[in-house]
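The first chain written gets the first letter, and so on, giving A, B, C and D; residue counts start at 1 in each chain.
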């Protein structure tokens, strides 16, 4: 395992919500409420959780696409949140994003060349020939036919579009790729193509991935380490195999048991949760999962559990293990 | 609900306040001297100064504004017309009824025709009715209402003699002006209703209703319309503003003794107290209509909560 | 996703294909192009100067004004011996119209000139000494003649032959030629007709018009009088008795018409004028001084100042388009810029801009424009500004909305994550995205701007009411709208056609650019 | 067991840009009483169109059922008058949809929307309908049913709304419930709740279910039998155990191979190259030929028929044709094809 590339410390992202006409009551949506994790160089960290748990917001907060409320985002030791606008622009070269919706993430009015030239232009590659050369090379890398260079984004299918999105992220030779549900919108057969491509690229370029996904099977397949989020907080983090084989947090256990297995011969005991995820505006005072947890006890209501080390590279935030 | 209405009413105050400032400054920044307007251009310098002092135009602007506001808020006094020396509030009240009746009746036509034609167009999409409806609405939107009024007058009043040409002597007099005023809004409502109904007909819950085995008629009249009319109500409310504006023109054509012709006369003769009062009245009217629209919106759409 | 389509995709071609499918919009585009052409070259296309009455322009255009407004009536004098003299030779020729407001009559070289003034009907009398004739003048429309009885145009007496001696008696024969060409020979008939005609005439005259030019004394029926009692006397029934020697003459008169019979007793004398012959006893003229109905010379007729409406409409295209284009261009430019900034940057920029637009939108468009005019004063430049002022908030609102939606698009986020600068993002991703909405609204708002501009002019806020601008034309014509149709109809039709073309074009653009936009 | 539903050679066409394109191309399958049939396939394969065709709710124009028969209890639904169809919809056949957030009318209360279907098909008073509706809400596991009865949809979460949709679907005790991707829009823990609920309800009511999904995991858990669709055709059908353990069609094999597994670590996924053809673009031959690793010259010449593997197991692939097929692969198709999956 390499040295830490990205270090997120107690990150908080709150969105103010204004209400009322005269009296401005401001409440906060606590999308991310104090999470910490590390991504080491060359590894893939999977960030999983259900919708609304704050995993996508975390990704956007790391790249400063949304302002962070509190905490530090250290990229190679520099706190990104404290950078000036121009410093941030330079820093962004090292940290690129791949987005979920391959339809919305590419401007339909631009050609492949325009889309891929944009990061090069933004980071001072002024020579048109040079740009063209790098674009064509990158198209080869992600498996796009070079002859498509003049085509518009919306002429492509979902899988091809996602390849363009990946090419855009890679063209500046970043070290860290933050991939926000890159395969969620794709069909199974296309999903496999993209997952394989991501694996190949990681090997070829020594990339580090922060892989955000709700699909536990995909995370299991791709990631070295997994971080499970629930309602803006970290529930469990650690080595993928350890977590999948021995989930400690009741939420992780539920999540794993809920995944349908594509084998009719394999029947398993399922933990069915009651109720829905509570609102992030008014999360429980103690453990975020307390309302739905089958193993909740008194302490869980009052005291917020902190991440504690259970094993080598396996941490859990649950009072059961105090 | 009541709280919401109160809060909205209170929220209107700053806007009205800004409007009073704007309309007040209007008088003092526009060319044209009120004294000369009131007493004629020929008065000598000395009389001029005396009058100016007497009418209070020599006081600093904030003092004048304060006096204006106190008169208005405390006494409900909007001053006197420069031109006729008549009490503005009385004159406005007398004419308000005419404009009010005219706009209400126009809106009635517009909604009656607009919504029904819009629904027919949408449900019989691409039929000959739909096409005819669309062509006539876009034509209606291209006709200046004053010209339409003149043509109506020419045909129905002059040639056929069915209706009186102008004035407000009998209930029959309102017919042509209200149709003239309403037809443009009707066209807008037709187009809006049509697209709104078409949009709602594509919604998943309409498919759900059909999957329940519901009759198409009920699907349209209950499931579709209830949802499609929510934006139509908003739009129709906003069109009230358009009607108030249009009334200015139409009243002129048909010599309808409402606020519109009063406004034009006052502008042409720079009768500022009247202009001030009317601007304020029109704004207030518009804000109130918006409020009513918002409230009715809440009745139609349960999702809008007033908190 | 037509990846297997051979032709490479171009957004412009797709737009073009979609646009051309809409036949109405293509036709509207054609009309718009024609209107633009007319707007630019209007001054060359207009057949008449729109500012001056057409009558003063007819000579320049080579149109014979006289044919229409002016008739030349050739007068010839018939002498008692049967010879004729030309009008110019007739001495003391005087001509007068019963009603000069309708037609005026002047002496000319060969006879007289009749000039139409306004539509109506009148009689005219020409007179030379004791002899007079009359004719009818009808200005505009044969219909005015309907129900009007023809009047006596001239009386042709038969002259006694040879030299008479005192004591001779003879009966005068009179032929009355009526204005419609009919001839009456029976004295009784003539008498009765004259009685009827000129009695009624008198009653009419009592309503205050100028009295006829002929003798003011009431002459009823067919009247004979001797001009020299020493030579001849005449009875009521027209029996002449020669009483002495010398030159005598009998005057035969009905109403304003008179003729002379020479009674020459003794030595032969110079023949005198017996009656006046007019080439036309029934002059029909057109009133060309105002409100000419549409005709081949004036397609749209003329207005209350006799200006050619067609030319004025063509000239007015320029002003109207100017109001439409310039105001919307200003409004769209400012509105789009503000909308982009407000939508993209949010926070206080957004609050400020939306507050401003809310206040502006609190006034109905036309009231806002009226307020601006009230502030700035009337005039076309101010109309443009006024319309621009209320166009701004419309564009702010749509561009802001569109920007907010586009800002949330992942591709904008992607650009930001790459490190692209804000101005580049706005110009590259946001603005082109709003462009289709802006373009559609631009087209549609031109129609609205023209309508509002016309309404402002109509209300008399356009400054120069005599300017050839459609709204002003309507405003000027509206007072006569109950009697004159064409003066209001055609300028209004021009507005409708122009606005309709822009609206249909806008609709077509919207469908071609973005079908989802459909309201 | 008798067949509740029998679809024979169903064809559905859609018109776009003046051309009519077949999106469902002669499919046949049947559902037995009390059985759960899974229909799987990727987006655009025609599975949702098939379900809407059964309800006769294809938006027309542009869509049109251009051929085949749909027998429901032995009667062809395509011959029914609209009035007769209305009696079947919601009563004998009901449907739940993918998007619980938009499938309920936002302006009516939950109660009114359940009552609607009851009042349509049963002679009931409002009070009886209310009672039954609340009963249904309790049945689908909604707490505080009386309160929810008077709520509006926006007050409910996605999972709750899907429960309401199921309540509406089952209110008239239909013989067939068509579930079109009912859990796709839901989170995995909520999906587990809904699947659990549906399984439980099925045992209670013995309703036949046509379960449309793209998720093979859900199919494995829920269904008795599976139909695999590709580009408007059925490429393989079998009972669930056979399909997952002995798939025959290269597409099914590929699909199973591309799934990441949660319970085992695979280094590299099998992936089907290329993408689904645009409807109407394959003129002759097998629609999968362009992406198939086992493509033979004959595959591009003629559209393969369904070949019978064993009882109730068919595959549309020339590999299993005695004349054109590769004998050795046909014999132990599973081992040869299956190996590539791992």
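The criterion applied here is as follows: a contact is a pair of C-beta atoms (placed from the backbone, for glycine too) under 8 Å apart; a residue touches a chain by one contact, two chains touch by 3 or more.
Quick caveat: nothing in here was measured; it's all calculated off a predicted structure.
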Chain whose Cα mean lies nearest the overall Cα mean: B
Pair exhibiting more inter-chain C-beta contacts, B-C or B-D: B-C
Rounded Å distance, chain A centre to chain B centre (Cα mean): 53
Distance from chain C to chain B - Cα centre to Cα centre, in angstrom: 36
Separation of chain B from chain D, taking each centre as the mean of its C-alpha atoms, in whole Å: 54
Chain A-chain D separation of Cα centroids, rounded to whole Å: 32
Chain B, residues touching no fewer than two other chains: none
Of all residues in chain A, the ones touching two or more other chains: 157
Residue numbers of chain C (touch at least two other chains): 1-2
Footprint of chain D on chain A - complex, ascending: 50-51, 157, 159-160, 187-193, 195-196, 199, 214-218, 220-222, 241, 244, 254-266, 270, 272-273, 276-277
Residue ranges of chain B touching chain C (in the complex, touch as defined): 15, 18-19, 26, 29-31, 138-139, 141-147, 150-151, 153-154, 158, 165, 191-192, 195-196, 241-246, 248-249, 252-253, 263-264, 267-268, 270, 275, 279, 282-283, 286-287
Residue numbers on chain D that touch chain B, as the complex places them: 55, 57, 85-91, 94-95, 97, 99, 102-108, 116-117, 120-121, 152, 154, 165, 168
Touching residues on chain D, where the partner in the complex is chain A: 42-43, 157, 159-160, 187-193, 195-196, 214-221, 240-241, 244-245, 254-263, 265-266, 268-273, 275-276
Touching residues (chain side chain B, partner chain D) in the complex: 203-205, 207-215, 223, 226-227, 230, 300-303
